[in-house]
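Note that chain A is present in both complexes that follow, paired respectively with chain B and with chain C.
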Partner chain A sequence: MAKALLHAGMTIDGFRLEERIHRGGMADIWRVTRDDVGFPIVMKAPLLDFEGDLSLLVGFEVEQMIMAELAGEHVPRLVANGDFAVQPYIVMERIEGPTLRARSRDRVLPVDEMIQVGIAVAQALSDLHQQQVLHLDLKPGNILFRPSGAAALIDFGLSRHERLPDLLDEQFHRPTGTPEYIAPEQLMQVRSDRRSDIYALGAILYELATGRLPFGVPSRMAKARRRVWRDPVPPRALRPDLPPALQECILKCLEPLPDARYRRAEDLAFDLRHPDLVELTERAHRLQQDDLRTVLGRRLRARAIMRRILAIATRPPTRPPLILVAVDLRPGLEPLRQALRDASASVLANMPGARLACVNVMPASLIAIDENVDAAGENIHVRRLAELRRWARPLQLPKGKISFHLLETRAVAAGILEFARSNRADHLVMGAHSAGGSFAGRAGGQIVADAPCTVTVVRAAEAPAGVAAPAGPLGEMHSKP
Partner chain B sequence: MEKPHSVLVVDDEPNILLSLRYLMSSGGYDVRTARDGAEALAEIAREAPDVVLLDVMMPKLDGLTICEKIKSNPAWAGTRVIMLTARGREVERQKGLRLGADDYIVKPFSTRDAMARVAAVLARPRKTDA
Partner chain C sequence: MLIALLSDVQANREALDACLADARRAGAERYVFLGDIVGYGADPVWAIETVAEMVADGAVAVLGNHDAAAIRPGDSMTAAALAAIDWTRGRLAEAHRAFLAGLPLTLEEDDRLYVHASACAPDTWIYVRTPREAFQSLQATRQRITFCGHTHIPALFTEGVTALPQQHVPTDGTAIPLLAQRRWVAVLGAVGQPRDQNPAACYGLFDDRRNRLTYVRVPYDVDLAARKIRAAGLPDILATRLTVGH
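Let's look at the complex of A and B:
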């Protein structure tokens, strides 16, 4: 790293340092210019003596890495990253501000303004989370407002990208964040729960509403653990004109258990935008902290509560639901296949995140006789897979949403049931027809009776010529407990 | 040949977009999709559809806000709105209808019912025609 001190007038990689506009604990912010950049820019450069604390250096590397992944109006536009071997820096769009810290200094915000701020920051968080980044150090000093009113988040030195290595987690085993705003799970070094940012936003809204921090200013991280068992003074006790719906929103964000908070930042934005639709609980009407006996009880159970928080916040992501559709590819059944396609689309519409597994059953005897090659010399497996793909094409499902499987089995029903069980299918879609099809009669009945999931049995809407397929409703649902 | 009715499906759940795009296209509609409120408004501004199927809970702009924007813009007076609301959220439905939505569908929904409601909303006179 270059040891020369930065000074006004010097040029680095074509950026001319005009003036230092901010000196922080770990970095300076310089107003810089470069001829080919047509908008105001700043350079964030780490203080040269910050090498004493390795985590700050790593944090700067994290910020460079994460800013390169971000886009949109809720973050400053990245212009360039400086090489650590020469001079580390981040040059980015200058957002004039002010920060939320400056905007709210020494005053509580009027309710309307507070709601607008809350919506703007929740939208910015929602956008950040959709880009798979967790801020993890949200506080008023890290929030700027554009002239449009949109909030922009800055300072990603403690952030985490869900698809990139977490350098801070790998290298340092201590909580990271700002004690005033940090979520309980972050105190236990969990850096993977989006709801940690929602907690921080709750603490910010509390501060904007009351002029006080919900849990004061803990002198060290260990003291911040108090928030696990001690509830904050209800905001309306400090500010009676605060609408109950707003108190509901704030206290819901500040719940110690992540599952009790808003699931997504956009859900919080929705409630702030439509306070008349907020479902009020006892949180909305609280005017006192919990009594000492209750608090003492929680204090005594603190370890158990923290274990629960940890379990919730580190829960592995849920597996996407699987819809299994059994497709009969024999000639003459096109109307049935059409109905299967329609039914598959209908089931998909009501299963968020689900994917479709298309299965065709090949009697094992067929393979044995033909030695995998049909009369035309084509490989049967390849041909059937191609037919399955052709069947699914109108659904236009992207990769990852659909898979294709051939099952070789002597017993059709048992094969399908085994596939459904071993892949933990959530829903099975199959055809019912009386033309001697794979699932006719007893086989179909056995699948419906023994399936480990909900089954939709589909009938063709119209009988094709020569096939006595009964007309009937699109589907019948058989739900399993 | 008569121009098919146009439908814009707006939802942040990809499965709903994929399924309704397929089913509505099969039903003869001209279908477009949008994944969030901002995209939806851009699509409507590009060309106002006959019907918008609009999820209530979405990133960026929620469905109620979009419904309000559609219904307050005279240029989009010909666009009917069907809200997609969650089960048990009666207040959302009431607010949607108050803001001018033409109908609502409760999730989880039958896609056949959704298709029937689109057809029914298109068949009846617009609220502004009354």
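Let's look at the complex of A and C:
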């Protein structure tokens, strides 16, 4: 790779370097010109003679890749990406406006201005998220304002595009980001939750409101974990004129559990625009940090809380309800399967947007027959999946609303319960145990007793004597709330 | 130039027809067949003739393990695959065999390598499923992008800076930039017998000017393809798996 140092007056790919306007730890910013570009532009070029930290270069690759995907007023317009083999650089529109860092330096913002800033940044974030990009390093130095007042976000070196390969994933096994603003899940290398950006914005708003960082300046990443159990000093304790609604907004962004934060940047923008409509909780009126006893309790449970944060942050967002139906494919159970299908249909009808997971339990012994595992195992597998599909076809669910699973287990009840738990099922539909029926009595009872959700137990209608078995509409249903 | 990459056609006429129609609509100007034109499916003669015509017209094709087995009784294959390939061999005329026999194992074009399986010992048909296997394949070529198939499961690997290659599950229908400073192994899914739980046919569109690869999924008449497999007396599992994409 070229190590030539950039200097004023030189020309790269037609861009003339006029002056260096910023020297950062990772890259220089040059004011450049090119005749065919009719607006002010800058070139960002990574420092190539740094010692060893490859993550800098990967970050630059990420930034080139992501900026090429972005458009709109909330990001600088990309002009060109420089070839890595010659001189990596990014030439982009120069946004003059001050950074938020410069705008708020050494002062707390008046409440009105703070609200305007919050709305502008939340809008920028919302726009970024709609383009399926997570910033993941939001901080005052990365936020610029256009003359129109619109916020523009810069520095995408740690960002993530939801549909493109994540070059930073797994490559570097340590958290990346800025400790002052980083969300707890990012400390666990989660790079897929949009609410991480909302957390960072909460930390920024806190700083704007009080002149202090919610969790101070952690000396290293490990210390940043404190935010999982230690709540920040309520902003109103530091700044009594702050309206309770604003404290509510800020503290909601800073909740350790992603589910407790705003789900979308738009929701935060809405609350900031309409403080009088904000539903005030205990958070709004808090004037002290939690007492030592409470904090100590959380400190002791920190690991469990971290695990919960991790589970929440890695779960796919906006999860539709999940209905799990256990289908027994053994011969002779057609009436029961029919009843099961009818029951599934009515549960689906009552849960808009729900997905149906069809599960069949395969005794583990059927799988490993002999050394010809592949052929034989696969064969059974494929046939059972096809049978499950055939069972489900009359439900006419579109792809994406239905899935098929074979559970290979010896313990039927435990297998189904584990599946329901790990997939966070909202409703379980299963056949009743009866003579020759679906689940052996004890297994069925155990599922009903231990299920993490509502269970519907379905029984095929008994055929009246002398009459052919009718296709019972729903069978007999028992529900456990 | 927009290049259509089609792997593991597996004598599935309905799937290949659907993919070719889709590629034409997208404006593909070049066609690359990444091996396994035949095997498993019920239309080997049609598949070979279609590909041969396109090759005469400027398309390129490399040899797959099923193609090789169709001309020379081969080695390790599952019972169903073996039954299908024996059946296939019986349908082929000399001209079909000659076309398959003339296919190269690998082909290089600009900074790209086309190969059916791993670039590492291509005639031994090593699957590229893991970062380690991708690493071995990358070691075996100097080309920047390796396009291959064979696994029937779409995947994308990029050379790591410090470690083994990174593996990505490509998102369907997204134009993924194959950054020029990196080397890549792009495993296309299968046209004719997808195994990633999605029965839709899979092929790739690579835009060499914009340096972007899109994994495309094309729904097709699976039931007809499956019926023809059954009608031909081929093992039932070959029909069933098409409908489940496994």
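As a working rule, the second predicted complex is superposed on the first by the 313 of 481 C-alpha atoms of A that agree within 3 Å, B and C clash if a C-alpha of one lies under 4 Å from a C-alpha of the other, contacts with A are read in each partner's own complex, and residues count from 1 in each chain.
One rule holds for everything that comes next: a residue touches a chain if its C-beta (ideal position, glycine included) is under 8 Å from a C-beta of that chain, and two chains touch if they have at least 3 such contacts.
Keep in mind it's a predicted model, so treat the numbers as computed, not measured.
In the superposition on chain A, A:G353 makes contact with chain B only, while chain C stays out of contact range.
In the superposed pair of complexes, A:L292 makes contact with neither chain B nor chain C.
In the superposed model, A:D127 lies in contact with chain B only, and not with chain C. Once chain A of one complex is fitted onto chain A of the other, the partner contacts of A:D267 are limited to chain B, with no touch recorded for chain C. In the superposition on chain A, A:L5 contacts neither chain B nor chain C. Overlap of the chain B and chain C interfaces on chain A comprises no residues. For chain C in complex with chain A, the touching residues are 78-80, 156, 158, 160-163, 166, 168, 170-171, 174, 176-177, 179-182, 237, 240-241, 243-244, 246.
On the chain A side of its complex with chain C, the touching residues are 54, 57-58, 61, 64-65, 68, 83-85, 88, 163-167, 169-171, 374-375, 378-379, 381-383, 385-386, 389, 404.
Those residues of chain A that touch chain B in the complex are listed here as 123, 126-127, 130, 264, 266-267, 269-270, 273-274, 276-277, 341-342, 345-346, 348-354, 394-398, 401, 474.
Considering their complex, residues 13-16, 18-23, 26, 56-60, 62, 64-65, 89, 91-92, 95, 107-112, 114 of chain B touch chain A.
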